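In the two complexes below, subunit A is the common chain; its partner is subunit B in one and subunit C in the other.
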Partner chain A sequence: VCACVRESVCERERESVCECVREGVLFLSQSPEAACLSAEDISPSSNGPRDDDPDDLFAEATEEVSLDSPERQPILSDGPSPAITPVTPVMISPRVDDEDEEENRDTFDIQISVSDPEKVGDGMNAYMVYKVTTKTSLSIFSRDEVCVKRRFSDFLGLYSKLASKYMHMGYIVPPAPEKSIVGMTKVKVGKEDLSSVEFVEKRRSALERYLLRTVKHPALLKDPDVLQFLESSELPRAVSTQALSGAGILRMVNKAADAVNKMTIKMNESDAWFEEKQQQFENLDVQLRKLHASVESLVCHRKELSVNTASFAKSAAMLGNSEDHTALSRALSQLAEVEEKIDQLHQDQSYADFYLISELLGDYVRLITAVKGVFDQRMKAWAKWQDAQVMLQRKREAEAKLQYANKPDKLQQATDEIREWEGKVQQGERDFEQISKNIRREVGRFEKDRVKDFRVVIIKYLESLVHTQQQLIKYWEAFLPEAKAIA
Partner chain B sequence: MEVSSAEAALSVSASSIRITDVTQDGDVLTFAIASQKLNSSAGVCVFRIYEDFDWLQQSLFSQENLPGLQGIIFPPLPSKALPSQSNTQTKALKQLGFLALGQDWQSYCKALEFYLQQVAAHPTLCKCKALDSFLINSESPGKQRGRKGIFNRLSQAVEEMRKESHKDVDNFFQNERNKNTNLAALSKVATEKLLDVVMTEQKLALACGHFATSLHLCVNQDDAAAVAFSKVCLKLSDVIEAVNRNFEKVASNDLSTLGLGLDLESRYQEAEKEMLFRRTCKLIELETVKKGTEKAKASKREVIERFHSSRVNVLKNFLIGWCELQLNTAKEFAELYSQHLEACRNMYSE
Partner chain C sequence: MMQEGLDDGPDFLSEEDRGPRAVNVDLQTDATLQVDISDALSERDKVKFTVHTKSTLPNFKQNEFSVVRQHEEFIWLHDSFVENEEYAGYIIPPAPPRPDFDASREKLQKLGEGEGSMTKEEFTKMKQELEAEYLAIFKKTVAMHEVFLCRVAAHPVLRKDLNFHVFLEYNQDLSVRGKNKKEKLEDFFKNVVKSADGVLVAGVKDVDDFFEHEKTFLLEYHNRVKEASAKSDRKIRSHKNAADDINRIASTLYTLGTQDSTDLCKFFLKVSELFEKTRKIEARVAADEDLKLADLLKYYLRESQAAKDLLYRRGRALVDYENANKALDKARAKNKDVLQAETTQQVCCQKFEKISESAKQELIDFKTRRVAAFRKNLVELAELELKHAKGNLQLLQSCLGVLKGDT
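Right after this comes the complex of A and B.
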């Protein structure tokens, strides 16, 4: 079996490089497209990337896979395999930058908006449908502008598919917004009050951000599931996302098993970068959660301020109405109006606080969960590789025993099994190497995006602050003559 | 409220009265009161505690043989402040309202100062010897309570029920009573609501402070991306600090102007109510005796009119002051935020 994945497809001997490789699907190339093809479980009918981009691949190839290379020999050594030489970031990052620049130039001309939430159906079977509009000039899309209707479970379904395809390869797949049984129930029951309106708006915004993050990822943008989600008018119902269904329980069980595994896998980390990065992400997680809590309290207080200001405005109005002195009465009524306007400003500002900062922090807390997940996948890949090595060792021992026992037919079987397991070991090693490389690149991209996102938000937030102040100035300047006119 | 300097028994200028300092010793607050002598450039400074103010107020009430005393709307004295440790802010707020806020008793001192100025500027009350001795004598006026005068709160409460419903013979005064009741209630409510607003503004300032601090904790130098991220966090922290200061400023503006003004307004409405109540009591008395009330009526109408015009003036000044302060604050912070915005845009476009 050759360096690429599909045992079923490739029947050439192990020594040579197979057709797949020659066509440009170099295993260790850094382009995401190639990495996609190398996924283990892509069945022939799968929807892996269809496009070939030979330019990218060859330009970026670092190592050619050769099974004869001397590095591969000491596969049964106890220590970490020398094949997994720590690739210093210095070597990788310039290339990643170039690649990103190229991709940014070509691929990032896409706008997605989620709008017009509509309630469909009645009672507990009701659901919200959102309009998803995509405007783009990219060639992978069939039209410049396309509009489709999607419901929440469709988004969850998309995430579920992307996660199962890409996460084990080390890709950071942006998580979809979370379910909220309480929030949705209120909407279903038909309460038209402020909290359910806010809930729908919060969800709409979260869905929009989710899609934008997903397409920002160069590999996910080209994924057929994503394209189908954005373009096709009919989407098969995502069954496995139904609340607390079997699949949901399965996922919970998986998570639990993973947690247990994490504790028992003691990985020989040969690459300090991964250890450092994991620690950094742990720290970042803690910090972001604290920040998030701080901002939530800010949002809460600002809402309270708005309520109190409105209440004060009312009492000032009543005072103005009861006042005999005409000019004072008018001034008090004006005061009430100014306070009402200020109340509106407070509300708007609190939306800015919330949607700009609080939701951003929340998104990043969830993203970091995805990042941690990806590091876990790497550990799983390592464990799988180690297990394969152990198995191979056993098979070799078994074969050695059979040689003495002189049972030719069993011997043949043992030899076959050894070949099988040798292949798996090599596979495991390559997978591990691949996921490590992918993670490095993904983390680099994540860090850059993080800085960019926060910068954008801080500017937007400042703009909102400036706007609020300028409105305040207008209101006070209008009120001053009224106050001075009190005879 | 003009000062008729020709007849003034007061030897200091009313507008120069200031409370320049306040010290706290356990439970007791001592106020330093400074004023300017009228016929020389010398200044006088005395030290008084709350009980002294109370003595002054009682003395004003109990002046004998002063015509029209009953018709005077006495400038309201703020309640006693209880600065002891066990007094939590909520208790203080209930007791003093706005005056409990502000640092180091600033608002409270301002209210006391205003009280003294009002008394000194009142054409009748400024002649009271007690005021002069209060402002000038280095010794405190003594702890004697003196006669309660026409105010005995306990009995008043009992009588109030009975007399409140007694209608006035004069429409002008009846209307005045109704309006006063109405206004008193409304201004109390407005004061409370503004207090809520100011408390929330202070809470917001605190929350901003916490947020800014948390942002500082996100700084680390692990690698280039972390450094860039840390810079963004620090920038945001600065911005949030600015928002914090903004709220503190806005709250203190509210406090020092409109808050004080509304509080004063409330207390003045109470004072007017008390005066009208006294009139009602008198009326009831007089009705049984049927003496001529014409003289009393006439003078009191002026009093009421004067009261209203000065009240309106006071409120006007507070409103103008409030508006100007808030306007300045808004301009200041608009400028600051714009600067931050410019800096960010320049920093990130590189």
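Right after this comes the complex of A and C.
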């Protein structure tokens, strides 16, 4: 019986380990056929007017994220989604090492794949549509297997909704992939060349990782927006303000938070844990970016090496042709063949460099920005609490003044206001403590996932390097007798 | 010496045994005259080679002696061979290329300027690498100058050349200055004329099948070697670039390892250590490919050019001979200056036949040398590639074992 999912769902039941979870790593669902394209930076593209869909329960939630107005908060936190109440997660990540499969299976059952990119429309209005398939046995889903069609802006829309709902509570919301004007334009214009194929594959893979990370988060998995995204066949088009890229939103969040911090907040950090963690994430950010840059450079140089090796192979073959000593001529032709095979090896290796390491690092650089954003949210919460205390103090002073002035109606108002602000101070304190608690938990979960992700990926990468060396040995061992045969 | 050992595992990076250093040419060392470069000193803008000779020949005052020579003096010797009519029928061993440390020096300078922007470890590492690179270029130029001398010493006729003996023995400066601008310009024009002439001469079909075949063969071969040499250089450069990237990755992983608060710290440190070692191996692979393949191709580019030059000289002599024949016929017809024409014709005939005879043997020897050198180098290349790949594999597998065991 297949260990991965309940029998009724799994099609390949009789195997001892189901194919569908053998690909344990989060990030690879199919062999990468693409290579590197550096992510261009974004600017929002217009997605046309918003359809006023009456069934869209979250219409209000899709307003532009305005970070300075405290009024926004009540709308969202009291909203219809039940998932906002913090839930102690039972969760273990769905990603599986072959050995650990057995223990993890019963608690987390969801697989998501993004596939079959299809171009819809023509010219500059064209866009790619991806098939999102969800297979699960979890009860919150209405069916065991769902397929929907989504476009890139839908993913961005999902992210911005989730960010606006959860970030201020201290949840680390995984960011959506970056927009790319250059990449998309090529696709739209209809260039069927290798680079646009690679671009689409890169994006498809990134979207898949994004969704998997999102549902890995216990609170987000239950979020109605997420469920709707995965299940409903029609999705209201994301508004132009929604079409800001994930990175754009994060930047907005962080910039606003920074501005606030610099202006007024000198937070008395009573908890050394937060200070320490912030510093650690700061350092991690710097190093990961550096590493990412080096790996991207390696990817390019390896591709270059592959091209140059192929070119050398051709010239060696030509040299072999013109050599008039028969045995040497044959050996040179063999050398050319070896070099040709090696060039293919280099190319494959560069794909591994990219898809395993480079993309992982890119994802984590963006994730850490989200983590830093969450710490800033906590500071904001603290500031809000402090402000409320200041306000309360002022109201009390005002009331005291009115006591002497003997204006009974204004006095009543003042007393009411005091009560109001007392409530706000209490709420502020509660919110601050809640977000602090959430962040501790989120960071713990994040770090655990980070350890697992890096371990798995690096091991897989080293295995790819092992494979390359083994092939090299094979090729040179075959060549050596040819070289020795030159007489 | 570029000795680098590894803490664990066999010594993958030990220097090759230095045997006879003439890697590109398979030469017999002959007791009557042995020449080598026993020492070399790199000064600011020149290299001083110590040429060491051991000989039982009577022409030398001593049996063993050394002199100091600079690159220009090697060039002078080479050019004296080329300009000597007596040697027209031989393949003149190609002159060694000028020692070129410019690129390396520039990199060292840039490193010095960028010292502030990197950590102390990074700086020391890069400095060590650039120094190793400098050393490698240095060793190469020494080897190339040595090969030139060995080829001359091995040649039955050239080894007796007086200039060669002076070069080996005269322990004062030969006062050979490099060519000045005017002379370089003259050389340039001479080459232009020569190549135009060469085209004309090459157009003359040769009666002798052997030479006709050699002509066609050498022309094509020379071009193909040129192409292969350029491509192999580019490939090796890419390889070095990739190794540099792995170096940076290893450093960053190390920093990550020291900073990380989770279990990943040990992981990162182990992987960083691994990449440090594999990078060294990758750099060695590139260096060995350079030595065994790229240098081989470069050398035979120069040699095939020297062989082409021989064919040109023979072709020139043939044309002269044919022209002398025609002039003789004309003189006989007019019955004017017949004796003079006869003498000229005889001189041309002798010259042509002399060149043809030695040229044939030279070209046969060239082929033998070429095949032997390619065989030696290709075998050594394959053996080194295997050694390094196995080394890499072992490092990777042992690291993987440790990392997987940790989980």
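Everything below uses one rule, namely that the second predicted complex is superposed on the first by the 312 of 487 C-alpha atoms of A that agree within 3 Å, B and C clash if a C-alpha of one lies under 4 Å from a C-alpha of the other, contacts with A are read in each partner's own complex, and residues count from 1 in each chain.
The rule is short, and it goes like this: a residue touches a chain if its C-beta (ideal position, glycine included) is under 8 Å from a C-beta of that chain, and two chains touch if they have at least 3 such contacts.
Values in this document were obtained by computation on a predicted structure and should not be read as measured data.
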Partner chain in contact with A:S322 - subunit B first, subunit C second, else both or neither: both
Which of subunit B and subunit C A:K484 touches, first, second, both or neither: both
First (subunit B), second (subunit C), both or neither touched by A:I418: neither
Which superposed partner A:A398 touches (first subunit B, second subunit C, both, neither): neither
Partner chain(s) touched by A:M167 [first = subunit B, second = subunit C, both, neither]: neither
Which of subunit B and subunit C A:E463 touches, first, second, both or neither: both
A:L212 touches, of subunit B and subunit C: first, second, both or neither? neither
Subunit A positions touched by subunit B in one structure and by subunit C in the second: 280, 283-284, 287-288, 290-291, 294-295, 297-298, 301-302, 304-305, 308-309, 311-312, 314-316, 318-319, 322-325, 327-328, 331, 335, 447, 450-451, 454-455, 458-459, 462-463, 465-466, 469-470, 472-473, 476-477, 479-480, 483-484, 486-487
Subunit A - residues contacting subunit C, complex: 97, 280, 283-284, 287-288, 290-291, 294-295, 297-298, 301-302, 304-305, 308-309, 311-312, 314-316, 318-319, 321-325, 327-328, 331-332, 335, 447, 450-451, 454-455, 458-459, 462-463, 465-466, 469-470, 472-473, 476-477, 479-480, 483-484, 486-487
Subunit A residues touching subunit B - in the complex, by the definition given at the top: 276, 280, 283-284, 287-288, 290-291, 294-295, 297-298, 301-302, 304-305, 308-309, 311-312, 314-316, 318-319, 322-325, 327-328, 331, 335, 444, 447-448, 450-451, 454-455, 458-459, 461-463, 465-466, 469-470, 472-473, 476-477, 479-480, 483-484, 486-487
Sites on subunit C touched by subunit A in the complex: 213, 217, 220-221, 224-225, 227-228, 230-232, 234-235, 237-239, 241-242, 245-246, 248-249, 252-253, 255-256, 259-264, 267, 271, 274, 278, 367, 370-371, 374-375, 378-379, 381-383, 385-386, 389-390, 392-393, 396-397, 399-400, 403-404, 407
Residues on subunit B engaged by subunit A in the complex (per definition of touch): 179, 182-183, 186-187, 189-190, 193-194, 196-197, 200-201, 203-204, 207-208, 210-211, 214-215, 217-218, 220, 222-223, 225-226, 228-229, 232-233, 235-236, 239, 243, 308, 312, 315-316, 319-320, 322-324, 326-327, 330-331, 333-334, 337-338, 340-341, 344-345, 348
